[in-house]
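Across the two complexes that follow, chain A remains constant while its partner is chain B and subsequently chain C.
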Partner chain A sequence: MAEIKSHIGTQNKKGQTYTDPWKMMHEAPRNPSFYTGSEVIKEALRRASCDVMIAYPITPQSEAAALIGELFAEGYIGDYFRGESEFAVMSQCAGAAFGGARVFTTTAGPGTMRAMENFPMWAGARLPIQMIVTCRGINSPLSIQPDTIEISYLLNTGMLVWHAETAQDFFDWILKGFMVSEEPEVHLPLALCCDGFFVTHTKDVVNLTPTDMCLPPYDPYRSPVPCMDMECPPVRMMRDPFIMKSNYISYATHASWQQEIWAAVERSRKHTIKWINGLIDTENTDAEVVIVASGTAVSQGREAIRLLEDEGVRCGLIKVKSLRPWPGEEIREATKNAKHIFVPEFNVTGWLAKEIKATIPNSERVHAGPHVCGGMTMPPEIIVSEIKTALGLRSESLAGRGS
Partner chain B sequence: MSKERIKISPDLYDIMPSDYQDLVQSATYGKEDRGWKDIGTSKELIEQHSLCAGCPESMAFRYILASLPNPEDTVMVGSTGCTSLVFPMVAVHNIHSLFGNQNAIASGLKRALSVRFPDRVKDVVVLAGDGATVDIGLDMTLQAWFRQEKFTTICFDNELYANTGGQESGLMQKGFVAKMAPVGKLFDKVRLPEIARESGCHYVVNCTVSKPSLVEKVIRNSVLIAREIGPTYIQLYTPCILEIGKNSMEGLQEMRDSEKPTERFAYKEYVSEPAKQFLAELAAKDKERKAAAKQLAGKA
Partner chain C sequence: MTQYRVLPGPEHFLPPAAASMGIYLPNPGEAHINGVIVPEEKAYEEAARQFLMAQVPTIFPGPLVLWAWNEKAAKKAAAVRSLYETLKECVQPGQKPMLIPMPDYRPKYPKINPEVEINPNHPNLTIWHNKIDCCMFIGVHCHQANLSLKIIRGGTSCYTVAMCAQAGHEDAMLSFRDASVEKILKLGEWIRKLKGTVKPRLTSAKTSASN
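On to the complex of A and B.
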């Protein structure tokens, strides 16, 4: 087994100091910088001590993936290359993670769908890969516009799934995500999602940690399963392969393994709460009307709340940060006073509303909507309109809605 | 990994399975001239397996594992199929993840091992069936070669999908009647060895596993060339006796029949110029070593 020692305080080849992650994220000075979301991904990776990044072009993550290539050229990443498709890239990521590397990749929309077979395999193999998902439409006719439908397909893969609202979330959560993912009792992949274009292609002020600090390297020997590097004894894994057997032991083994993946998702809860300061954020949840949202729908909800306040309607807000682990208890508690719960979403099916309905008592309180999709923006006015209509208040007609 | 690492604490020795005790006592990790002749006198790196009696794939597995030049630092990558019934019994780290993605897994793995162990040799060897290599995984097979990934790809060619019950595959012969080829396969056996050469492989061999000494030479060359120069590809005929209607004892003869000069598994080899030079250097060093040993023996 490779020598296990603390790297904290030592320097990497780029002169960055391996820093205690908690101190780096919570105590180190922050430098306000004006960056696009894609540039923020690059800056987070600069500080992530990432061993392998594998890239493939698909809008809207191509820029971020290419910028990380520049980091590789500068010597901040161990290895970097362009794979041949998202399916191959996610398998290449798996290979690198099996070999004990800290692995990062980015994808979007149809790429997420193409790679889908890999994700339950990542979780099943306990590979703590981090994948940025810059959500976009997946339907035909072809669309490259923002749409969060792909997140719903990730929810049952066994991956951790977080949904960032802003570039600041993104910067912090990329670095914190490795800390949660790599906990020995978790050791699961993380899909860190954001709404494509709205986050990736807009500029925002983001407070960055110092460039001369970086995360300690990943230690593959803290993994709950052996690292495939022939540095620990290769033992016969099983006397009889379970793959195609039809017997009770085979079923029981597979069943308990799947249960263990979801138990690990559950065990990630306390680490997620610690690192991203709770699975949800709440504002004014004593109000009778509450908006629950994730991603940039939160920002639009916040703006809608301001407009409603001007009209004397008090409205609370729940920002769902982590979708897996799912903040069921938190949402039940935060909505206990609510008579009306609105769930604005950037997708046609309303997967978040369905999750919430399945979580809380008296689910008829949930108004699934408004929904926009296919790249449409979500003006706060349509959230206001949805709420006022449901409450039986007089609503100004909105231009362009045919009313 | 050194053999030291697999040693058992004396306090725990008696509770370890006997196959593990045997590995510690007499496996050939670290033996420089290991090869097929060790079979029978040392612990093989493969335990009892659940392949059909007489399956040529089991012979191939044993010869390959006996011939790996550096099993103590080799990681193998498999795919779904009959090989995935065997890999859990192999005393070399091995990865099964999905069907057909073996060369993508190996690409990521080899790069991770190179990043983590820059000053050490870590060999990666892919071993998968013909469905995984040529049909569902073809793009990843070829792209790994285009990128000059430094690992060996071994294809167990049984000319059909054996594990799912004998369906048509790309490496099946034209005209063969099989499941999913109800009127006989309509197109020729895919010429992957030629494609491998054109795709940048530095060492390509097409043969059967009827002769263990030949398998040993081919495997050793392919791993060493992949380590130093670039991708290598070995296509081995391992007939599925079950699906072609042969008995357990007839696998060897089937291979012998198929390697006659005019048959599809007549020995074919391609070696690139850099690989030729490398093999010549290896041979020269080997000769030197043997001469020195002889001289030493003479003095004694």
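On to the complex of A and C.
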């Protein structure tokens, strides 16, 4: 922390003051602004003291990537360029982070999948890169529409994975995310996810911190691994007998290395709780019916709860903010009174419901749904219908709406 | 609260990372012993006691305090040397303090020389060869220190201490955090203070290194 403190109060070349991150995020005045999610990403980056941003176009993150290019032109980003593909971008991000830079990128859908090999590599190399994932469909036939299936592929990469509900979450968590992932005992990449279009392309009032304040610069000397060293693992890879040899010592080293990545995920828990005020948010969890959701499914769940209250059905809400680290203990505690747990999701497989089922006792309480996918919206009425049907209450057929 | 405790091994074919077993790192001003958070003062006493009990108490300085790569590193290295000299002064006949560097993290092939160095990829070889039964890591990058500490816990009975300049290490049996020259020297003072009050494990040579 000594290195961070030494910068606080000084100014960068744009005249922004390096500010104590906690004061900046929790005590500084906020300015309400009406922005799209993409514009919010730009505004967060303006305040992030980011060294390198690497871009590649893929909907729906292209606008954010282009807007950050404007920041570079204005002098707020150290370096900015377009990679040759998503795989190249993520590899280039690794190179920049190996060299000791604070690195940021954005991707989406098939881009996330194309670059996938890099994410466990980032985690294994302990590179605290931040990647925005504006989720969309990934399968053929091609869809650019909102769908959160790609998050499920990120869950076992060793990255931290957070799922923002709103543009406000996005603004705050981009800045706070650097603080968590750059802690020396964590030092892992963060996939900060949102539901594409719903968050990136809609406008909302977002309370921004002052433009003349910014995060202290990244201090690579606090890293748990040396900066890029061609003689040491993980850079020294394929040519090395240690990596390739089939013997117990080699296996034990690899096994310990993997364990250390997941230990670091665990260590992020206390910092994540501190910075984003808990891994989950809860409302009325003494109710017998509880909705558990992440991303914009939380917003739809909130509206469904309002509709249910009009009909005399009391329902609680759990907003899952962090998926890695996984809030297992928190969800067990928050669902202990629930007889019915509903998990609305914007994907076809219901990965969040599976995680919750694996976490809580009496998992038959979990109703995995409703699901929508392929870009469909999730009207609150279908959540209401699912809940009422499960409770044995009469529910009107939604197929007839509007007729 | 977790029931798991970070104890001398050999623990398992592949022991778990202590963090995955619910062990938390200490906050500033604290340390941990066996995974239980304690005031830092208590950890000095216990670390000194473990050093004085050991047949082969050993300090493993890493690249962050070697090579005089900046002024702070040079001062820490001098403090580590002073701690080692203190240890030599305070042990009893039959005890054999050692100072073995972890100069870098390069995999050593075809074979490490355990007489002169320790390596994070197979630290157990140096522990076994020298029959080290208590060791302290200092100046080793945290990721590499954790690899070492876990492998040592898995395959040896060596008691491990971490003097970490960052947030500490759950995989050590005892860990300080925010290590400084002052803290290194303070540990030396505790060793001096306990000199002659701790009975060494001189009769346990057969089992101490748990080959």
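Quick note on the criterion: the second predicted complex is superposed on the first by the 380 of 403 C-alpha atoms of A that agree within 3 Å, B and C clash if a C-alpha of one lies under 4 Å from a C-alpha of the other, contacts with A are read in each partner's own complex, and residues count from 1 in each chain.
Going forward, a contact is a pair of C-beta atoms (placed from the backbone, for glycine too) under 8 Å apart; a residue touches a chain by one contact, two chains touch by 3 or more.
Note that the structure is a prediction, hence the values are computed from the model and not measured.
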* Which partner does A:118 reach: the first (chain B), the second (chain C), both, or neither? -> first
* State whether A:54 touches chain B only (first), chain C only (second), both chains, or neither. => first
* Quick one: classify A:231 as touching chain B (first), chain C (second), both or neither. => both
* Asked: Touch check for A:222: first (chain B), second (chain C), both, or neither?
  -> second
* When the two structures are overlaid on chain A, which partner does A:253 contact: first (chain B), second (chain C), both, or neither? -> second
* To do: Return first, second, both or neither, reflecting whether A:142 touches chain B, chain C, both chains, or no partner chain.
  => neither
* Looking at the overlay, does A:85 come into contact with chain B only (first), chain C only (second), both, or neither? -> first
* Which of the two partners, first being chain B and second being chain C, lies in contact with A:96: first, second, both, or neither? -> first
* Structure fact -> Larger residue footprint on chain A, choosing between chain B and chain C, goes to B
* Show which residues of chain A both chain B and chain C reach, each in its own complex. => 226, 229, 231-233, 236, 240-241, 243
* Taking the complex as given, what residues does chain A use to touch chain B? -> 1, 51-52, 54, 78-79, 81, 83-85, 87-89, 91-101, 103, 117-118, 121, 125, 226, 228-238, 240-241, 243-244
* Structure fact -> Within their complex, chain A touches chain C through residues 126, 183-185, 187, 222-226, 229, 231-233, 236, 240-243, 249, 252-253, 255-257, 259-260, 262-264, 266-267, 270
* Asked: What part of chain B is in contact with chain A in the complex they form?
  -> 1, 5-6, 17, 19-20, 47, 50, 72-75, 77, 84-85, 88-95, 97-98, 101, 104-117, 122, 139-140, 143, 147, 163
* Structure fact -> Counting only contacts in the complex, chain C reaches chain A at residues 14, 16-20, 24-25, 63, 104-107, 109-110, 120-122, 125, 141-144, 146-147, 150-151, 154-155, 166-168, 170-171
